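Below is one structure, written out as structure tokens; the observations come after it.
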Amino acid sequence: MSLLSTRTASRLLSVADLDDAATADAHCDLMCGVYNPAQARIEAESVLEIMKKYNASDDDYFRTRCIIIKEERAQLAKEHLWVLWTDYFKPPHVEQFPQLHDLFWRATKAAGDAKKSNEEADGQKLLDLIDEIAGIFAETKK
Amino acid sequence: MSLLSTRTASRLLSVADLDDAATADAHCDLMCGVYNPAQARIEAESVLEIMKKYNASDDDYFRTRCIIIKEERAQLAKEHLWVLWTDYFKPPHVEQFPQLHDLFWRATKAAGDAKKSNEEADGQKLLDLIDEIAGIFAETKK
Amino acid sequence: MSLLSTRTASRLLSVADLDDAATADAHCDLMCGVYNPAQARIEAESVLEIMKKYNASDDDYFRTRCIIIKEERAQLAKEHLWVLWTDYFKPPHVEQFPQLHDLFWRATKAAGDAKKSNEEADGQKLLDLIDEIAGIFAETKK
Amino acid sequence: MSLLSTRTASRLLSVADLDDAATADAHCDLMCGVYNPAQARIEAESVLEIMKKYNASDDDYFRTRCIIIKEERAQLAKEHLWVLWTDYFKPPHVEQFPQLHDLFWRATKAAGDAKKSNEEADGQKLLDLIDEIAGIFAETKK
Amino acid sequence: MSLLSTRTASRLLSVADLDDAATADAHCDLMCGVYNPAQARIEAESVLEIMKKYNASDDDYFRTRCIIIKEERAQLAKEHLWVLWTDYFKPPHVEQFPQLHDLFWRATKAAGDAKKSNEEADGQKLLDLIDEIAGIFAETKK
Amino acid sequence: MSLLSTRTASRLLSVADLDDAATADAHCDLMCGVYNPAQARIEAESVLEIMKKYNASDDDYFRTRCIIIKEERAQLAKEHLWVLWTDYFKPPHVEQFPQLHDLFWRATKAAGDAKKSNEEADGQKLLDLIDEIAGIFAETKK
């Protein structure tokens, strides 16, 4: 990220350039109107990092804290995904992407699995499913 | 976002390319290890959108819901900012960016002000302060 | 409920007679192991009752409290449904009940709609969808 | 539950037959109007199941997760009981059931004890106290 | 408070002088070991102040925010009281103060009433009941 | 506390004598209007007590519960401090106490450190920093 100006950085962080009505597509016309798969992804990245730290440590106290915090982060990933599924996507999206329901089901199950496991592959699987969702999300913004 | 491939989209969503250890700087070495000003920004975008919807409506029921939800979203923006301030930034950052404490204080106060007001300028001010923080955050990643 | 003995009442409240291993099917073999559509239904009943009270009142203060509390109760209904969908149901259930994903999607959307509306029909629709889910849930327990 | 029709299943889940005003006694005339000891019981069942799983396992990671989740479930049982005690029951109930205060005190203390212990008898004691409360609750509905 | 030194101020804030084992009676021997009726009282003070501000204002937007925040503060007062009742007090306390259960019941009901009303007398009643509890609490520390 | 009358005890618990407008300085003129460093201190006392119990025990189950609960209590201490910093203090306070920002930063970091450690010195450090804040808070009330 080292070449980014402040202005560019903030653009990347934004789901929509709010100065530009023509592209203000990042929020739907619902009440809570701003959606972004980044919310789930940030939590899922945290889950994977915690797994790595857990596996690299042999300190019981530290590892217990890893379990506690991973439980919370994976739950947040799950909740962000549920909100996206129920609140952002509409029937025409499901017609266009018939895999959508199953994809979210597998992604939220993967978040549950990431609580039960410290296998980094389980954390990566959650990230991959979120990326797949993010890809569809980006398609709906075209 | 219409020109982005799925792969690119997921990269933008990520604070770090997790496949590339050399740039895996988006998380610090603390426990909760993944930080991203996007979390605060997404909530702040929601705050501004709610203000716009409130101002465009004359339905009492809808406007009451706007107030309830804006209260929650502004609180989340505040909390994400507090976590970033306390947990991500370290003494050398404060030396390099002496305005940091005051900037976070004004940004979290702006989140409080955005609860009290429906002036879109107050919502924009919160976003601008978060962008200023995001700029510093990006600098620390160089 | 006036004819029920205490013993019978507690049986109705229970999803499984815990003294009887042969019927202890109310929890699956997952960690959080106890599932019950009653959790979502109780919240949804509350949503409908609040709508009725809202519509029967002309006290602004009372009606504002109705909106606040309905928002919370509908959110809880939504969350209980999400947990049931992701955590209780397994791939063989989806094969047997191919409508499952769509049913949960419509039910959680109905919980969202019940936030936006005070039409009692919207509250009843949420209850009907939960009852449809409860029927499938009961089938999986046979 | 295998002999129940969908319709019957949903009736059991309901605290009141909402189609039948004459029996709509499951909610009181307060704001949050719907009460049901099932909410506490479902969490308490979960507490007992977690104890069983904890005792049957020798996997440290799994057992730590048991402790974390049991802590949450017992807390929820406690909170549902507190709400029932303060919000549902009225002075005439206390006259009719003079043991009510002490019963709730012991039940909420039992929920606390179920955090501190993995003795299944402690989980069962919590369930028994909730059933005793559910019996009184059912009496007040006659 | 203007005559208090910093040291004295912090002593008042403390439930126990932690440097002095002989007076370390502010926590019981339970896990969560530190109890203080001040937690409920601070929230109840907030409830009364919000009522005053609500009554002094004729700004609909401000008054709606008052209702939202009072709902939360009264709930926190309720929760702190419930914890104190269940977790701090033991059977010998109930023998010594037979009014204890009823007092907590009325106090938590008063917290509920303070949600439903903007009568400052209702806020004051909650404070008075908390003070009565604080008096008993102080007695148990003698 | 054994020499205090009930009336005196309740006064100590109060941040302001609400019957006496002249001294009603314990709440500022903001919405949430009642502030008190006691909220953070009570949680921090709990953190230190939990550390002591953890260190005095060799029961794995008990120690895991200590870690879970300490995590929550330290988080609450952190949150109460953040609220005080952002919501109570105003620019003139910062002019008068230029160390304020840094003091809160170190205090909230100390709350984070108290999660990571069971060194009682880390718990005491958090308490000392809160007392330093409480001293400044008392100064602003003169």
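Quick notes
The chains carry the letters A, B, C, D, E and F, assigned in the order they are written, with residues numbered from 1 in each.
Here is the rule we go by: a residue touches a chain if its C-beta (ideal position, glycine included) is under 8 Å from a C-beta of that chain, and two chains touch if they have at least 3 such contacts.
The structure presented is a predicted model; accordingly, all values stated were derived computationally and were not measured.
Any chain touching chain B that also touches chain F appears here: A, E.
Of all chains, the one whose CA centroid is most distant from that of chain B is D.
Looking at D-E and B-E, the interface holding more C-beta pairs in contact is that of D-E.
In this structure chain C contacts its sequence twin chain E using mostly different residue numbers, the overlap staying below half.
Set against the C-alpha centre of chain E, every other chain centre is closer than that of A. Per the C-alpha superposition, chain C sits rotated 180 degrees relative to chain F, a value rounded to a multiple of 5. Chain centres here are Cα averages; for chain A and chain E they lie 40 Å apart.
Centre to centre, using the average C-alpha position, chain A and chain C are separated by 27 Å.
The mean-CA centres of chain B and chain C are about 34 angstrom from one another, to the nearest whole unit.
For the pair chain E and chain F, the distance between mean C-alpha positions equals 16 Å.
Residue numbers of chain F whose C-beta contacts span two or more other chains: 31, 64-65, 68-69, 115-116. Viewed as a contact network, the protein chains fit none of the simple shapes, being neither a path, a ring, a star nor fully connected.
Under the contact rule defined at the top, the touching pairs of chains are A-B, A-C, A-D, A-F, B-C, B-E, B-F, C-D, C-E, D-E, D-F, E-F. Across the complex, chain C meets chain B through its residues 64, 67-68, 71, 115-116, 118.
Partner chain F is touched in their complex by these residues of chain B: 30-31, 78-79, 82, 85-87, 94, 101-102, 105, 108-109, 112, 115-116.
Across the complex, chain F meets chain D through its residues 61, 64-65, 68-69.
Interface residues of chain C, counted against chain D in their complex, comprise 1-2, 4-7, 9-10, 12-16, 18, 25-27, 31-34, 36-39, 41-42, 45-46, 48-50, 53, 65-66, 69, 73, 124, 127, 130-132, 134-139, 141-142.
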